[in-house]
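Multiple structures follow.
Two complexes, one shared chain (subunit A), two partners (subunit B, subunit C).
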Partner chain A sequence: MIEVKNVSYVYSAGTPFEVKALDDVSFTIGEGEFIGLIGHTGSGKSTLVNIISGIVKPTSGQVLIDNIDITNQKSVTRALKGKIGLVFQYPEYQLFEETVYKDIAFGPKNIGVPDSEIDDRVKEALKTVGLSEDILNKSPFELSGGQKRRVAIAGILSMKPKILILDEPTAGLDPGGRDEILGRIKELHSDYSITVILVSHSMEDVAKICEKVIVMSQGKILKYSYLDEVFKDSEELRENGLSVPEITTIMQKLKSLGLDVRDDIFRIEDAKEEILKILKGGEDQ
Partner chain B sequence: MIKTEKLTTKYVNQEEEKTVLFDIDLEIKKGEFVAVLGHNGSGKSTLAKHFNAIMLPSSGKVWVDGMDTSDEKHLYDIRQKTGMVFQNPDNQMVATVVEDDVAFAPENLGVPREEIRKRVDFALKAVGMYEYRHRSPQYLSGGQKQRVAIAGIIAMEPEYIVLDEPTAMLDPVGREEVMNTILRLNKEQHLTVILITHYMNEAVKANRVIVLDKGKILMDDTPANIFPQVSRLKSIGLDVPQSTELLYELNKSGVDISVDSLDADSCTKTIFDVVRKAGVTV
Partner chain C sequence: MMDITIGQFFPGDSIIHRMDPRTKILFTMLYMIVIFLVNNFAGFAVIFLFILAVIVSSRVPVKYYFKGLKTILILMLFTALFNLFLTPGNTIYTLPYLGWTISDSGIRFAAFMLFRLTFLLIGTSALTFTTSPVVLTDGLEYLMRPFSKIGVPAHEIAMMMTIALRFIPTFAEETDRIKKAQSARGADFESGSILKRAKAMVPILVPLFVGAFRRADDLAIAMEARCYRGGEGRTSLKQLSFSYADIYGLASAAIILTAVIICNIYSHF
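This part shows the complex of A and B:
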């Protein structure tokens, strides 16, 4: 369980450029939940996930992971080792070894996974992100943007964290890769009941795989609820730099034209079923 | 016009060489808005880097307004004509203050001071970053950095603008704003735009879509002709807008509906008409 209690964060405190990136944020994420984290650029998402991962200390407030206070300096490394994995917003921040293999092996080695197991972990993670083994000996700097992103994700998956946090993991992925990787993460979530926090600017992706969504705006939590509640008010979302999925816009427009359709639909399959149902109604009349 | 002829490119490293573009023949005319799509590693960024001579062909030729990019004496003129926003904005921040960063290219081009001021203010407002002009780019969020990088290219006022996934880190409203700015520059100032993207609903706004697959041009056509080919696009790792996909799925389920809508408005209308025709009362 992740408990965030009254967390605030200030960048460049005491300078003219002081920024309050997080303003008294509190919420709880239960074990095994799959949470989407959305919000306008600069709303504080990356700052928040960096704090939850223990990389950054909050200016004030507390974060408890399974009842352990990670804002308390001393306990942090031991308690967190291998438990939380964060994929950074920029893969470049994460890739530093001379080969892809070493980069993906770095995490598990670092948390003390036995050498005999490392090779399997690397290959399994590589497969999950849809890369072939001939890339293993390449330098991460000789890869395309999307390939780097995939390696960065693999480098975290290879640690098999119980809490997986992904900061805009699909930025730069091609659509096929995006669906495949999100699908695999969803499987890991259901097979091993890991907790997942997905930061994303794609409302479509969030609607496809998340159960609940946290909406941030200007360093505060605007909403924390299930998909239908979050995507209900498209005006409010727009005011906060966000939108509803395109499919939801279509259903809302159909409804406003007078069709008797549900407008709380976020997935293409559901929209299709709803429209087929309406068409069937026409035949029966 | 940007023109390539049998453009072939290899990356050469210690152990091996790898060809990543094969015999690309391409003409991009002044004023066009071209979207380039393709799976990760298909060669999009590599291709784009040839348009302002950051990369040179291993064989074949690239011309920008008739200037051969491999001829060193044209380098300055080519760089002045073609501006590029790279895939990772972090790599292209050069100054320690946002407005200096945006002023960098026009300064290098010798644009007069007052003119630079005007351009920088215009560009920062166009991407919604004017309030951040005195901040350090290094201390911005991912999406804010991306906006600054785009402002830099707008302030440069090139004739050709190459944008490599410029909206990947932007929120939905920001993405829309940047797309509208690009469209406006294309329509009003006849700026030629080459947009690399993984967002299909951005690609539908272009007049032309080029699909790269494993270093070759697989499709080159209008969005209206490309996106209805749903299964073909999916088979090469691409996608279609949700609007198109919904119509495609309805069609597969036996509904007599055409799959040619590329956005929510036109999709809504198509569905509404079909539903009315089926005798559903509204």
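This part shows the complex of A and C:
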């Protein structure tokens, strides 16, 4: 369980360039939840996930992971490493080893996993991201962009984190690569029942796989609720520089044109059923 | 993360900001020569008053000048200590046990060295604080132009400097990002022996270099795409021009030079 209590963060405190990135943020994420974290650029998403994973210390406030305060001692944060996996934006830029194998093994080695277990972990992580074992002995720099991204994610998964945080994992990928990555994350969540936080500014991505959404704006939490609840108020989201998924917009337009459809739909399959229902209903009359 | 005060530019509209970069560069060079010509305390007093006037009129907070000084503090201390102990002269104190001697001229030279380094750094900081890197290299390019006759690639040197300066903050940011990403994978940069810590830098340096080459490639293509082909026949968007601020600058340069020469001749302190 992740508890964030009154967390604030100020960049360049005491200089003319002072910026308040997080302003008294509090929320709780339960075990095994799948959360989408959305907000426009500069809303404080990345700062928040850096703090949750213990890499950045908040200016004030507390973060408890399974009742351990990670904002306090250094030793505690080190023990937590591996428990929280953070996949940064463009994670392929952190690859550095001679071979893919060594790169994926870097994390587990650092957190003290015995050598005998590392081999299994590397192979399992590689399988999870959908790559074949042929590439294990290649240099990570000769892979394609999408493959590099997946190797980098495998480098985090090999630490077997209980909480997985992904910062814009689909940025810069083509639609095929995007669906592939999102699908793998969804599988991972249901197979291992880990907690997942997906940072994104794409409503489409979030609507596709998340259960609940945290909407951030100017360093504050604007909304934290289930998907349908959040997308219902599309006006407020638009005012904060965000949009609802296209399909939700379509349903809302249909309703305003007088069709008797639900307007809290955010998945294409649900929309299809709803529209078919109306069409069939029309035939019956 | 990184505190790069030397070479940082503070935008502003003071009389020093408005001066032509060529005036400022020539002035700084003259200033450096003068600092090493001074051989008495009266001369340093003149320079002190002058640099104080520059700091005040630049309207850059004084604390930034001192921040720059902090970075060369160790160098200053070493230089002062060496001068203090190694200058021959009339011995006025001998360290017990070690037998090192301090002479009257040792004290004098140590103080001179401290003053020189301090004034040197403050003076050059005043230049970079008030001149944006682009304007600065424009000025340098102009001043180097006569040397292109003897094969000095003035434009290319200036362009390389502009690019290098432009990428300092980018790489500082990138280093920070990579460091965070690797520490999220359990990398430890703070504990262990020097050798272990040096090895721990590999996961930061490799991605940083790969990124640098990628950026260099991208930049080269972007420049080619906009038909960049070196300095030949190239004109500037912003033409450099002298203004009344430069006349003040030149006048004060003449005054300070005269004052220092007078001090050197007449002052025996």
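We adopt the following convention: the second predicted complex is superposed on the first by the 268 of 285 C-alpha atoms of A that agree within 3 Å, B and C clash if a C-alpha of one lies under 4 Å from a C-alpha of the other, contacts with A are read in each partner's own complex, and residues count from 1 in each chain.
Everything below uses one rule, namely that a residue touches a chain if its C-beta (ideal position, glycine included) is under 8 Å from a C-beta of that chain, and two chains touch if they have at least 3 such contacts.
Everything numeric in this text was worked out from a predicted model, so none of it was measured.
Overlay on subunit A: subunit B and subunit C clash in the combined arrangement. In the overlay built on the shared chain, the residue A:Gly107 is in contact with subunit C alone; subunit B does not reach it. By the touch criterion defined above, A:Asp233 reaches neither subunit B nor subunit C.
In the superposition on chain A, A:Met203 contacts subunit B only, with no contact to subunit C. In the overlay built on the shared chain, the residue A:Phe96 is in contact with subunit C alone; subunit B does not reach it. Shared-chain residue A:Leu86: touches subunit C; no touch with subunit B.
Of the two partner chains placed around the shared chain by superposition, subunit C is the only one that A:Gly155 touches, whereas subunit B remains out of contact. When the two complexes are overlaid on their common chain A, residue A:Asp120 makes contact with neither subunit B nor subunit C.
Put simply, subunit A uses no single residue to touch subunit B in one complex and subunit C in the other. Remark: subunit B residues 11, 13, 38-41, 45, 87-88, 90-91, 134-136, 139-144, 146-147, 164-165, 168-176, 198, 200-201, 234, 236-239, 241-243, 245-246, 249-250, 253, 255, 263-265, 267-268, 271-272, 274-275, 278-282 touch subunit A in the complex. Against subunit A, in their complex, subunit C makes its touches with residues 177-178, 180-188, 202-203, 206-207, 210-211. The touching residues of subunit A, counted against subunit B in their complex, run 11-12, 17, 19, 39-42, 46, 89-90, 92, 139, 142-147, 149-150, 168, 171-179, 201, 203-204, 238, 241-243, 245-247, 249-250, 253-254, 257-259, 268-269, 271-272, 275-276, 278-279, 281-283, 285.
Across the complex, subunit C is touched by residues 50, 53, 55-56, 78, 81-82, 85-86, 88, 91, 93-96, 106-107, 109-111, 141, 155-156, 159 of subunit A.
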